[in-house]
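Quick one: this structure, given as structure tokens, is what I'll be asking you about.
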Amino acid sequence: MRWIEEESFERLAEDLEGRGFNTSWIKEKVKSFKVETPSWGYRDSGTRFAVFHQPGAARDVHECLEDAAFVHRLTGACPSVALHIPWDRVEDFGALREEAEAKGVRIGAINPNLFQDPDYKFGSLANPKPEVRKKALEHIFECIDIMEQVGSEVLSLWFADGTDYPGQGDFRRRKAWMEEGLREVYDRLPGKSRMLIEYKFFEPAFYHTDIPDWGTAYALATKLGPKAQVLVDTGHHPQGTNIEFLVAFLISEGKLGGFHFNDRKYADDDLTAGSIFPYQLFLIFNEIVSAELEEVELDLAYTIDQSHIAKPKVEAMIQTVDVLQQMYAKALLVDRVALSEAQAEGDVVRGEEILREAFSTDVRPLLAQARRELGAEPDPLGAYRRSGYLERVAEERA
Amino acid sequence: MRWIEEESFERLAEDLEGRGFNTSWIKEKVKSFKVETPSWGYRDSGTRFAVFHQPGAARDVHECLEDAAFVHRLTGACPSVALHIPWDRVEDFGALREEAEAKGVRIGAINPNLFQDPDYKFGSLANPKPEVRKKALEHIFECIDIMEQVGSEVLSLWFADGTDYPGQGDFRRRKAWMEEGLREVYDRLPGKSRMLIEYKFFEPAFYHTDIPDWGTAYALATKLGPKAQVLVDTGHHPQGTNIEFLVAFLISEGKLGGFHFNDRKYADDDLTAGSIFPYQLFLIFNEIVSAELEEVELDLAYTIDQSHIAKPKVEAMIQTVDVLQQMYAKALLVDRVALSEAQAEGDVVRGEEILREAFSTDVRPLLAQARRELGAEPDPLGAYRRSGYLERVAEERA
Amino acid sequence: MRWIEEESFERLAEDLEGRGFNTSWIKEKVKSFKVETPSWGYRDSGTRFAVFHQPGAARDVHECLEDAAFVHRLTGACPSVALHIPWDRVEDFGALREEAEAKGVRIGAINPNLFQDPDYKFGSLANPKPEVRKKALEHIFECIDIMEQVGSEVLSLWFADGTDYPGQGDFRRRKAWMEEGLREVYDRLPGKSRMLIEYKFFEPAFYHTDIPDWGTAYALATKLGPKAQVLVDTGHHPQGTNIEFLVAFLISEGKLGGFHFNDRKYADDDLTAGSIFPYQLFLIFNEIVSAELEEVELDLAYTIDQSHIAKPKVEAMIQTVDVLQQMYAKALLVDRVALSEAQAEGDVVRGEEILREAFSTDVRPLLAQARRELGAEPDPLGAYRRSGYLERVAEERA
Amino acid sequence: MRWIEEESFERLAEDLEGRGFNTSWIKEKVKSFKVETPSWGYRDSGTRFAVFHQPGAARDVHECLEDAAFVHRLTGACPSVALHIPWDRVEDFGALREEAEAKGVRIGAINPNLFQDPDYKFGSLANPKPEVRKKALEHIFECIDIMEQVGSEVLSLWFADGTDYPGQGDFRRRKAWMEEGLREVYDRLPGKSRMLIEYKFFEPAFYHTDIPDWGTAYALATKLGPKAQVLVDTGHHPQGTNIEFLVAFLISEGKLGGFHFNDRKYADDDLTAGSIFPYQLFLIFNEIVSAELEEVELDLAYTIDQSHIAKPKVEAMIQTVDVLQQMYAKALLVDRVALSEAQAEGDVVRGEEILREAFSTDVRPLLAQARRELGAEPDPLGAYRRSGYLERVAEERA
């Protein structure tokens, strides 16, 4: 693993300088890249066919925080943890906040659960029954309270609302209920906080979902106001969707709020980000870096949203962070001046080659160096495997 | 073909009255249903692999009008014809208008062609070259002039703009150009006219299109103002899209402007509307009828947009009109009071059965009667085949 | 509901005779149509997000048989029940067979479960570990024993085998293991029994499945021999797949063994058969009827494979049987002589109209009559709702 | 562009040796990688919306050969050219063969055109009309004659056969005709030559195609015999298809005959191979290299099949060759011993990381060196741009 050596970084830096890049600026950007890990990514999970228990999987929010803190220690890139209510509900959220901070992380986005309770079988905010809509709303209000207790500024909303059959629901009426509920949530948002509206093409509703695509989420967020933005889950699109395009669109409208990262080959497979389509992930970051360089105002909540079965939980999380960092770093290596020229001239091959040049560059030495400077592990996955962490928690959590 | 007999209608009417429907109201609604046919649907067309000439295919706009008028005479449902400029460009559009009216039809939507000229290889309104954007804009202005000359109130805009490769274009810059151009078009719209913005998931651009989905078209139309609306082409969506849902969404936002009807199994196959997914077409009309009954303001430009290769042109057009009428008529037979009740009670099976009841009803006797009352042919396809029209024009247009 | 009256049937019969059909032959065909219901369709089920308990859902195989027998009593079309092992495992399968027969049904296909046990996390017959492959094989052997005890002649094999990530498995090695295991199963098949090999595009494996498509199942079945055939699950295909084509292909090769019926809009949604694409279901039956009339040898195991959440279990099952019967009946109304002529002449519109004529015909009076003659309920769904069955079992099974 | 320097290669070689690889063996493998370019890739082409003329596009087969020879001179990897009949038909094929050889290339696969003639509107070998089937067969026989004249051993068969509407054709009858025709072709194949059967999910037929998927092509090829194999066009699959899996399947059955390389995001977009999903292309080569190392018998006809509109023809071809070489080279860098171990142990993360390690490696220095040793250009795209070739032929072919 020569990429781990400082000498490799020096050589890469020299190459990049030769190609006109400011390596230290790039390295600082890489160091500043942070992504939130989700508490639910450390717990057991499954498909509808089976749940497979993993030795050492976190059993409660405290163990989730422990795992998340270890991921942050190794990567230097994951200072916050998203919570899912009620899965992560505790008596004293003030104490939980302190616990997190003591472990070296903080609480990030709060995610209400509006799908698991039997009352939500036919929807939450879009449920035809007013008492269920009220219950859903109150649960979201509870989450807003929790935000204040834990110091979170992001309310992350995913609705499983939808129907399974034609005739089951009235689309326009459900939309009105959804808008009504979201308005109440919006009006309750405290201080500088914001709400992110996620969309999903299908599942668990199989005929229609009430917020199926970015267009619906955008329309709702736009009508609500500046504190409502769209959350892009990279696995929630129809096949063939050009995600980087809609990311650019939302950026240009000031409506991109953040990401749930994962990858998929088929539906919402919840695979490791970049494991199937790494180039697509690079192209998404390419849009973000492009906007950052033009000083477009951006405040993106990057979150991993994966549910691993085949892979060990913590290991998969570390691997994901590494992939995200690599793709972000590659996006920083795009020669944007040359790209603009190629685009203006209609030089399609050159435009593409500029992107491929960046994507082909092996950025692992840069990442190793950035991590060293952050006091993290240059090779976090290797360090994890050598750490004995899994063996220890597997025993403790047996 | 017993359905053609008046007795069949009487029996159906009796059935429907027994189920609580007002048959004469339904019949009047069916009679009021009108759909525009496109001039280009009467001309030769092809795939990228081959163009197959059809005997009798229209060779110019005058022959298109002749065919369209004959379709209207047989069906009673197609009083207007959409034009495509420059394919249908003539010296004197005032004369063309009179020619159409003399034939019993009128000119409908005007469709600029922004994809065929070599200058548009890299886009029209979103082209990086200002001179191409200007050219495209001026072509649209020409179309607006034509609208005034022919008495059309609908400008129907489809942009083939997009790119084939990552790096080829700058998404946000292209969006800005598109918005700039559309704003100029909007400001030029005369009197009561409106512009419809079509979207297309892909093709002829294969990496991204500048208006790929309803969300993009909606966002653009919303920013422009009330005279801009979305045009839904039923063949332009990703696989799995719930079209009836987005139709309902656009209706509720006052942004549904009309349809381009066709069907597809794979991509933008341009097959006869309802030939692959007839139930989906019924469900789309179900949303429209639902809104009509609630007196939602709706002014929908229904247009057929098909390009037949395997089927004879005029015959396919008549068949399409028949399918559309059938699906609209079935949508009128949904028991909406019972449906609302079932939805309120969460009775999923009953809600679905109410739709299936309407869809299962054989409405051909109703259509035959409506056509008789309109002075058209009860069985327009049979009448066409017996008319000798094709044989005559095939000879004339040889 | 005039369709329920005998007079409606008489009128339809008269119409059909007028169009040249032999109504009594058609009615006998409809009466002979039988479809198996699955024990697991009567139990609680869910998505990966939640399991919603239904009042009255069957809790064990005995209650499944009770529900299945009631469905058969109402519809006259469901004389057998598919079992899933180990879910339906009992001490004494001989006694279970008698219990079923006493209730008026019999045991149909046996379905081994090769996905739920933690050992199967990385596959069953294609698992890299020999001990897991052996375990899977022995489980299948147990199922073959059960077949003999319950008098079943169909072994229905679905493998969840696959991988989630590139690099996780060796495709060719896994294929060799799968073939080796299937060969052992094949050699163990008793007497006149056969094995049906199901395929699935994805889920629960998300990068590759070992039997993803009909081609793989066909290749495996062909290499095994005549007692191995392909099982088509209507929800297990890529978007856009022409299912009726592959059905025809398998028929022509003597390799179509049966169906798992359900419908889907997106992935493997497990919705009621025909609820989303009824015309497609009709076109599938159209291929089967076409082959039946040409006296192609066919022995098709028709089974419903659905997992309802939004709909009550038994009600959904009855509704499904009704849909299947309708689509089969419509397929019997295709004028095949005329269709052959139209095809020979290249008359595309007429060929299509012949199918649409059959599909548009309201066959409910025919079904009502067929059920009457079978001693079942002309309107089984209505009869079920009136029967008080659900209320009774909901109380008993509380 | 430091990668072009020999020093870069040396450093890479040192790294690889350090990781246990035999660099000179890898370099020889890279040097032995050859891919055929298609005559039609040098000509003007278009979408169904427009054909855009490119300055310098080849106007006849002689100019195609000239371009192909130049691509081979620059890359050292493209010694043969696929022909399309009748597009490339000449009076004297013996002379054409000599012309090619004089230019430094040879004639490769012969591709009959069975879609452009109006007679083929309803199919070629599967056409209901016997005279059209006969015509198609004779055209294929002509192509077999040409094979003998030009010394080609590959007959590459793509059928546009299919239908646009339900009812248009009889699936089983069409299959019988197709099989009958293919049998006659098979029996005519001379000496060591073989026929490759291509499949395509859709287009230009939009309801069904007679050979829609690998399973159909495999079944047909298997029934014909060892001289018939499957041709995988990387752009001809349903969304989500795991192409590397079916490649492995076909390899294990001895039925993989070759590739048509291109990429797509949506349908059959004919984009540059690897331009959208480079990792997928790597995974395909990974299966091939894996089989090569196990000494599975393989004789793969690698051909580029692309139709560029946005990119200049020759430039796009060179770029494609480079991408293919890169992905093949990366596949050679997979540590297969370690991979097998990881798979046996169920170490999913390690298995994946081994692939990612290979994919992340920047192999351009290796390619530059291989090309130098072949007497080609280390940077063929740059060399092409500097060569003035396009300017020269654009003038000559004006």
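By letter and in written order, the chains are A, B, C and D; residue numbering begins at 1 in each of them.
In this text, contacts are C-beta pairs under 8 Å (C-beta built on N, C-alpha and C of every residue); 3 or more make two chains touch, one makes a residue touch a chain.
Small disclaimer: the values here were computed from a predicted structure and weren't measured.
Student: So which has more C-beta pairs touching, C-D or A-C?
Tutor: C-D
Student: Matching over half of the contact pairs by residue number, can you pick out the copy of the B-D interface from A-B, A-C or B-C?
Tutor: That interface is repeated by A-C.
Student: Averaged over CA atoms, how far is the centre of subunit C from the centre of subunit D? Could you give it in whole Å?
Tutor: Chain centroid spacing, subunit C to subunit D, equals 40 Å.
Student: Among the residues of subunit C, which ones contact at least 2 other chains?
Tutor: 122, 163-166, 168, 201-202, 207, 239-240, 242, 265-266, 272, 275-276, 279, 310-311, 348, 352-353, in rising order.
Student: Would you pull the subunit D residues touching subunit B in the complex into a rising list?
Tutor: Spelled out, the residues of subunit D in touch with subunit B are 46-50, 52-53, 115-116, 118, 120-122, 160, 163-166, 168, 201-204, 206-207, 239, 264-267, 269-272, 275-276, 309-311.
Student: Okay, in this complex, where on subunit D does subunit A touch?
Tutor: My answer: residues 2, 15, 18, 239-240, 242, 265-266, 272, 275-279, 310-312, 315-316, 319, 326, 348-349, 352-353, 359-362, 364, 381.
Student: Mind pulling up the subunit A residues that touch subunit B in the complex?
Tutor: Interface residues on subunit A, with respect to subunit B: 122, 128-129, 163-172, 175-176, 201-202, 207-208, 212-216, 218-219, 222, 238-242, 244-246, 248-249, 251-253, 279, 283, 286-287, 290-291, 339-340, 342-344, 346, 348, 351-355.
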